[in-house]
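Each of the next two complexes has subunit A plus one other chain: subunit B in the first, subunit C in the second.
After this line comes the complex of A and B, so read on.
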């Protein structure tokens, strides 16, 4: 791709999210979302094979549908109440329509079907952008409007997403699909708590972005997209083998790692709000997710795959890929739990 | 005027059914043209004559390209119009669905909801849509710049997706 075009696309990707962040008017927020969608489309199709083009088409169609529904919801709201401001989305019909559209946009179950398919067709860095940066603008809108939305709808979306995210990932052998289902499950955790403690949604989003960046960058570093190749990467980079297991367990939410922080705080908040059944369901759904993370850990680190090694173990020369971001994100993924009070203070 | 609006709205629904019932592409494009033209007519009825003129011209320009493209890419020897069975099934289902939803909301509608909005237009100097254009160029200048940027971005995105002989997005699939 031409570097000038790449520069324009990447800066527009930034501009779209910034516009949505900065706007208080529905039209401008919608424009930001559309700029985001448009700018990432050529990036998704840049490795030009049918899977990538198919994924791009699916992504474009779902995002365009969601954006049109958001526009329709905001016009309905303006028609009913005469108010274009984002925080004044008070008409019930417009509210529900808006939340469904945004659930489609960020891939909450039962509107999640595009997410694994799209992510599977992309290369790992574009997938990283798709599951981190592209979530920011919709979440900025959700956090501003969440107080007006029907609690039943939010709870249903949250519980279904965590369950489907766990169930869907169970028998997968493709790592990008597993990461897509992990994204769906994490989105569910963020949505379930949004009306009780919006700062916890921000915290969960931040930690999810850190953890999933570490996971995507690890896969990029070891050039793996399948469990079978993941099982044979131990000969390439032993230290990465050790940290990958911990990164995956952090995504699953095990205690001494960063991923435990959002789940812990969200469960505590749900219990404080006197919602023990929902809290239990969420915790059990997290167990299903933990199962497939554990499977990946087992395949990569805890066992040696019974492959015949056709060559001698290669020399571990210095890698040509940028390893600094991976190191930073891995550190943050593994060790942020002691910082919980500071992060809680920062997000409130 | 109420009957005229009634006619326009009916034609809008029928045009959209013609698009949605997936016939042969150029009949669907024709349905889209009908829906667009009639929609602009509804807009005129509600007092946005200049706005609807601009919309109509731009939309027809875009539709011309889509029409030429679909006619060239998907020219079929035996086109499927509303008469063929699969399309007719969709048409009936959609019309029935629209009828059911309309019947559900029928009690809340009255003739006044179709009457044109721009009542005392003979006495006012500025029409709403014309002064809206003026506002877009004065206080909405920043938004105009962003819109221009979005158009440029769209152009680049489309060029990037379709450029080259073997790299065109449609050809690989």
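After this line comes the complex of A and C, so read on.
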């Protein structure tokens, strides 16, 4: 892509999110969300492939619908209560509409149906931006308004998302769809605890961004998009295969990796709030997701084809991709669990 | 009384006109047996030179109770299968099979019901005189596509060229006639065993699209057959397929994505009048590890840097 155009699009992406972060008026927040949607649209469609254009169209339609619903919710609230401030969302209809719109924006179940198809049509880097950066602005709005939203709606969204994310990812063979369902499940974990401890939501979001970035960058480094190609990454780079397996287990939430931290703290918070059934359901739903992460690890590390491999093993030449971000995110994904006390002190 | 008689007559007259119009529609031509295998999605074709179908939607209904009961049983069975096969793995097979798979036979001809998955059409739809038929070959193990090409264009004032025939597979359907696609992403080569008569055919693969502008997008490649009694193994890598839409090769080429393939087809249109035959033993897929090319053609770049 033309470097000037790329610069404009990336800076618009940054601008949109920052605008939403910095806003206290609903119209400015909505504007930031729309700028994000419009800026990522050319990035998604740059490859002129019909599937990329299809993914762009589906993404644009869902995000525009969600943004329109947000505008409608804020206008309804302003009409009922006269307040445009984000933290003063008090009308119940506006609250519910707003939460539904934001659920559509970040891909919470049952508004998740666009996510796997959209991620499947994109290349890995754009998919990474979609899964990580595009979630920040909506979460900023959710965290600010979470106290006013119906707790039942939040709980339902959270539990449904983790269950759907688990079951939906079970029979997938395309890695981008697996990561889409993983995103849906993680969003569920973030939403379930927002009414009790918003700082845990931020922590979960932060660790999710780190782990997903590590996963996407690994797939980009080894140029794999299918499970069958993943099975031959051990010959391209054995160390990368080892770290990828650990990154996937971290996404699954296994100690002693970083991914365990948000799940542990969220379950602890739910138990403190006297909600053992919800905590058990979330833990069991996480097991379903863990099954498909483990299956990817199995395909990658514990299988060698009996005779010839199923995909071409390329020459192990020096890679031209930048490896620093991958190294950083991988280390963060694997090694941050001992820092839990420090993180808790800093955030609470 | 007189008013009601005239209205009755007008109504009858209208009905007669409509009835007459139905006789001219392609579905009631002498090749109706072949064309009625078309699905609902494929029936919107208007034959050039014919007036458009102006019947009301309720006049197009063909209602039958026994078919309804069979249909319900079939579709509920398919729906139950869909739920049950998820326990085994993607597409009803364990994941280990999907990882290890290197060849797959997608279409085989082992009985008369295998011919129901295919649609034959020729330029009789536009009023031409070519004929094309399919039947099972010897020992019910192959499919024989045969017929006669005639490139005389129909005299309807619109058509200039004629003389083609096509064999196309139907899109797989899930329960309640929902469209399904084939997932060929583990493979990179099309492998067919055919026996032709020396004519050049085109192999067309079509993928699932989103917009109606892309409805006629087809990825094609050539299939040169040798005559003679010996079978021919043809392996065409998917990277060689080029994009065309309604027969016109597109400038903006891109590679065929194999995770949502709709159907495959064979077309003959080599302007040579006379009889033709193509016998197909199987159509399969394989993974050629030596073939590392991603796409054989240059990607059209707008605004190239100079």
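We adopt the following convention: the second predicted complex is superposed on the first by the 336 of 348 C-alpha atoms of A that agree within 3 Å, B and C clash if a C-alpha of one lies under 4 Å from a C-alpha of the other, contacts with A are read in each partner's own complex, and residues count from 1 in each chain.
Here is the rule we use: contacts are C-beta pairs under 8 Å (C-beta built on N, C-alpha and C of every residue); 3 or more make two chains touch, one makes a residue touch a chain.
Computed from a prediction, not measured in an experiment: that's the story for all the values here.
**Student:** Applying the touch criterion given at the start, work out whether A:174 contacts subunit B, subunit C, both or neither, answering first, second, both or neither.
**Tutor:** A:174 sits against subunit C, while subunit B stays out of touch.
**Student:** Taking the superposition on A as described, I'd like to know which of subunit B and subunit C A:34 touches: first, second, both or neither.
**Tutor:** Only subunit B; A:34 stays clear of subunit C.
**Student:** Applying the touch criterion given at the start, work out whether A:228 contacts subunit B, subunit C, both or neither, answering first, second, both or neither.
**Tutor:** The second partner, subunit C, only.
**Student:** Of the two partners subunit B and subunit C, which one touches more residues belonging to subunit A?
**Tutor:** C
**Student:** Tell me which partner A:54 touches in the superposition: subunit B (first), subunit C (second), both or neither.
**Tutor:** both
**Student:** Does the superposition put A:42 against subunit B (first), subunit C (second), both, or neither?
**Tutor:** In the superposed model, A:42 contacts subunit B only, not subunit C.
**Student:** Based on the superposed arrangement, let me know which partner A:295 touches: subunit B (first), subunit C (second), both, or neither?
**Tutor:** After superposing on A, A:295 lies in contact with subunit C but is clear of subunit B.
**Student:** After lining up the shared chain so the two structures overlap, which partner does A:8 touch, if you call subunit B first and subunit C second: first, second, both or neither?
**Tutor:** It touches subunit B, and subunit C stays clear.
**Student:** Common interface residues of subunit A with subunit B and subunit C?
**Tutor:** 48-50, 53-54, 57
**Student:** If we count contacts the way the header does, which residues on subunit C are in touch with subunit A in the complex?
**Tutor:** The touching residues are 86, 89-90, 95-96, 98-102, 183, 185-186, 207, 209-211, 214, 217, 252, 254-255, 257, 259-260, 287, 289, 292, 303.
**Student:** Of all residues in subunit A, which touch subunit B in the complex?
**Tutor:** For this pair, the touching residues of subunit A are 1, 5, 8-9, 12, 15, 19, 28, 31, 34-35, 38-39, 41-42, 45, 48-50, 53-54, 56-57.
**Student:** For the complex, which residues does subunit A have touching subunit C?
**Tutor:** 2, 47-51, 53-54, 57-58, 120, 170-174, 226-228, 231, 295, 299, 303, 305-306, 308-312, 314
**Student:** For a test of understanding, state which residues of subunit B touch subunit A in their complex under the given definition.
**Tutor:** Subunit B reaches subunit A through residues 143, 146-147, 149-150, 153-154, 156-157, 160-161, 167, 169, 172-173.
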